[in-house]
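Take a look at the following structure, please.
Lettered A, B and C in written order, each chain numbered from 1.
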Amino acid sequence: MNRLLILGTALAALFVQPAFAQEQKLLNASYDVARELFVAENAAFVKAHPGVTIDQSHAGTSKQARSIVEGLEADVVTFNQSTDVDFLAKQGFVAADWNKAFPNNASPFYSFPAFLVRAGNPKNIKDWGDLARDDVHAIFPNPKTSGNARYTYLAATAWAKEEYKDDAEKIEAYITKIFDNVPVFDTGGRAATTTFVERGQGDVLITFEAETRGIEKQFGKDKVENVIPSVSLLAEFPVAVVDKVAKKHGTEALAKTYLEFLYTEEGQKIAAEFGHRVHNEKVAAEFKSQFPEIRLVKVDDVFGGWSKIQSEHFASGGTLDKLYGSR
Amino acid sequence: MSAVSSHRKPPRVGDNTVFRRALIGIVLVLVAFVIVAPLIIIGVEAFSKGWAIYRDTILHPDTRHAIMLTVLAALIAVPVNTAFGIAAAWAITKFDFWGRRFLLVVIEIPFSVSPIVAGVAYLFVYGLQGLFGPVLDAYGIKILFAVPGIIIASMFVTAPFVVRELIPLMQAQGRDLEEASTSLGASGFRTFFSVTLPNVKWALLYGVILCNARVMGEFGAVSVVSGNIRGQTNTLPLHIELLYHDYQAAGAFASASILALIAVLTIIAKVALERQGAGRVRKTAIPAEKTA
Amino acid sequence: MRRRNVLPGLPLSLGVTLFYVGLIVVLPLAALVIKAASLGPEDYWRIVSSSRALASYRVTVLSALGATVFNLFFGLSLAWVITRYRFPGRRIIDAMVDLPFALPTAVAGIALTALFANNGWFGSVLEGYGIKVAYTPLGIMIAMCFTSLPFIVRTVQPVLEDLDPALEEAAQSLGGSDWTIFTKVILPLLAPALLAGLSLSFARSLGEFGAIIFIAGNQPMSTEITALLIFIRLEEYDYQAAAAIASVLLLAAFTMLAVTNWLQSRALRYTVKG
């Protein structure tokens, strides 16, 4: 019995965590493929603010948002789609006008879905139209669980809208074709990368340009290469302070400083080094040669905003479910 | 050893040389493909980028923390489940009460329920939107996305392990010895420690070993409740997934090799126990309530 | 018939058991059921019988059946070889049977994927014959085979060991061929244990997640298992749907366990009598 008592006490000690504030500490809940980026950003930030620790958590942003609502105490979020921040706002964790709190729609950098093909581009994949060819198998994660793949789906739709002059039937046929040819649906962006690169599945990986550049760097141009389509969809990477948690932790000021740091020249430079396009003019000019020109369309212009997209495309019974159902 | 039975007797069924060799051959090949190959590929992939990468991965603070956390979870979950297992086995085998069979089924649920279901169920209890989450939060008690959640999820998944090993054996041994002991005036605890325990100690140890292996390796349930905070709530199996998706397949396999090593040690320990227990454990090892 | 029980410790041991089971097992599962029940019968039925959910049950159940049938033959042969024959390496093989129990499922998952992807050791050979394993239902089956193999071996093995040679001898002296003796004498004796092992193996396959998630293609309607569908519903913030589908898995697990216990109690009655 004694043993049980001791165990019980030990357990109790574990469950009740000290409530007093220790050193300044932030938890950044972020999207799946941002791991390396934030390792670098955090190191730079900590260097400028000694005594601060930044913890990282990475997963699909929908999972992250859900975890925060269930009790994951993240002080800030750095997501890859605004719907998940909106979800947090609706639940009262983030201010309703969060996208006014920081410049550029609270998005310190941006990117867009681009292609990564095997070295030499053996299937000659140049643009969105090629994805619907019979001999092309595209790899991207499940749009239901991955923000990354939502952009892919929307970018392909945006291209089709222009190409087929809003002919709904043709657009649907095109998207259906792409989905039918996807051999593996992973749950997150990184799992899809592994499937494409390490497991040799598919002919083209579709993910953020930032990611395709990173993969190219990581695995070498003799294995994979980056292809920029004719047009793509602007992907903003919204950031926000999770007010409810930050207030509890007393980290509101620090959280704000941290997110502001992402907008500084230093923060922007790191983002650019990891393949993100940035707004800071000086840094953008410096990395100009790395980033070819591309025409980017906006979610609001093409689809009329995220909430409309959510109900038309991604909600249960929406376009996406019909696509799955068609298989 | 019970194996002695097939010695110098007239040929038994299936002792035909051709059949015998063919069957052994097929089984060996299948074992090689199904069981040995996965083990080997872990080793091969772990060292595919060289010893230096392997060492760096293992010594990386995040990996070390993941190992520590995994060990901590095992240090708490295994003794608790052992104590529970003994209590449950004692209640179920030494007494008759209404609902005994049902209780046994309930205890075994975690065994065949998907770990994901377990994780989800815990969200509904301890999550901020769940039954107790808001109350616990008001008192500053964190369970989900923190170490306690990981431990509780591990306890769920491994709850039946010790009980399962003990029940068949304790059932087969009946109650006579214990009854004799208590009628001679020994206390319940004394009876347990000096009469029951010596008879079931190998089965108990085997259950503990399997329980430990499972706690250390649990993935599904823990992945739902962990929060994936690097260096804080990442257990070793989660860390493997993280590395696997971090362009570090070699690192993932390096971490996996630690768990594979634990698995192999588990099996060696089990074989050693069988030798000690002279076959007794083997017969009651897994579910059949069949006993010597 | 029933004697008065003189043993002490019922209140304590039963109390501890009920408290622990209540807290760790029943409470979360009850919360799950409550959540699912909050849907109302119509919505519940719509969710658990949607075409995608049905497809996921089909994939899960069919793969589990395939894996169990394969394990019936493989597991039985393995148990037979280990108990009836003496050959070098027998003890090692015997020990290795427990590896799938001891090896974390996630580790098994990445190892099997590395082996069976079309650039892996086995995958590259199989691809030459036009067989794809990783990212197809076959891959799900293989992962299930791996994780559930020990159940059949370990349930059959003790019965096989204790088989009375006299029975076989008697049958032999009556002139029965090996095959006849096996099917008419040995198999019936093994049947209860074999069935129990099969149902455990099947139940385990239904619930497997970690090993499968890596090797399955996770394609809705074709290689999406039920556990993954729950996961996806969660990611979509659709808690009630997740709970509803989870409750189906829970019911399946519960039924399988009840069946297993019933089979085992029959096996016990049988062997005690003999």
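Note that a contact is a pair of C-beta atoms (placed from the backbone, for glycine too) under 8 Å apart; a residue touches a chain by one contact, two chains touch by 3 or more.
As the structure is a computational prediction, the values presented were derived from the model and not from experiment.
Asker: Measuring centre to centre with C-alpha atoms, which chain is farthest from subunit C?
Answerer: Centre of mass proxy via C-alpha means gives A as farthest from subunit C.
Asker: Identify the chain pair with more contacting C-beta pairs: A-C or B-C.
Answerer: The greater number of contacts lies at B-C.
Asker: Whole-Å distance, subunit A centre to subunit C centre, using C-alpha means?
Answerer: Those two chain centres are 37 Å apart.
Asker: Between subunit B and subunit C, what distance separates the C-alpha centroids? Give it in angstrom.
Answerer: Averaging C-alpha atoms per chain gives centres 15 Å apart.
Asker: Going by the touch rule set out above, which residues of subunit B reach two or more other chains?
Answerer: Each of 80, 83, 123, 129-130, 244 in subunit B touches at least two other chains.
Asker: For subunit A, which residues are shared contacts with two or more other chains?
Answerer: 198
Asker: Which residue numbers or ranges of subunit C touch two or more of the other chains?
Answerer: As it turns out, subunit C has residues touching two or more other chains at 120, 231, 234.
Asker: Considering the complex alone, what residue numbers of subunit C touch subunit B?
Answerer: Residues of subunit C touching subunit B: 2, 5-10, 12-14, 16-18, 20-21, 24-29, 31-32, 34-35, 74, 77-78, 80-81, 83-87, 89, 91, 93, 95-108, 110-112, 114-115, 120-122, 142, 145-146, 149-151, 154-155, 157-159, 161-162, 165, 168-169, 172, 178, 181-182, 186, 193, 196-197, 200, 203-204, 206-210, 226-227, 230-231, 234, 239, 242-243, 246, 249-250, 253-254, 256-258, 260-261, 264-265, 267-268, 271.
Asker: Looking at the complex, which residues from subunit A come into contact with subunit C?
Answerer: Per the stated touch rule, the residues are 60, 62-63, 65-66, 87, 142, 144-145, 182-187, 195, 198-201, 316, 321, 324-325, 327.
Asker: Mind pulling up the subunit A residues that touch subunit B in the complex?
Answerer: For this pair, the touching residues of subunit A are 3-4, 7, 10-11, 14-17, 19, 27, 32, 35-36, 55-59, 67, 69-73, 188, 190-191, 193-194, 198, 215, 218-219.
Asker: Which of the residues in subunit B come into contact with subunit C in the complex?
Answerer: Its residues touching subunit C are 2-3, 5-6, 9-10, 12-16, 19-20, 23-24, 26-28, 30-31, 33-39, 41-42, 45, 80, 83-84, 86-88, 90-92, 94-97, 101, 103-118, 120-125, 129-131, 152, 155-156, 159, 175, 178-179, 182-183, 187-189, 191-192, 210, 213-214, 216-220, 224, 237, 240-241, 244, 252-253, 256, 259-260, 262-264, 266-268, 270-271, 282-290, 292.
Asker: Mind pulling up the subunit C residues that touch subunit A in the complex?
Answerer: 51-52, 113, 117-120, 134-135, 213, 217-222, 224, 228, 231-232, 234-238, 241
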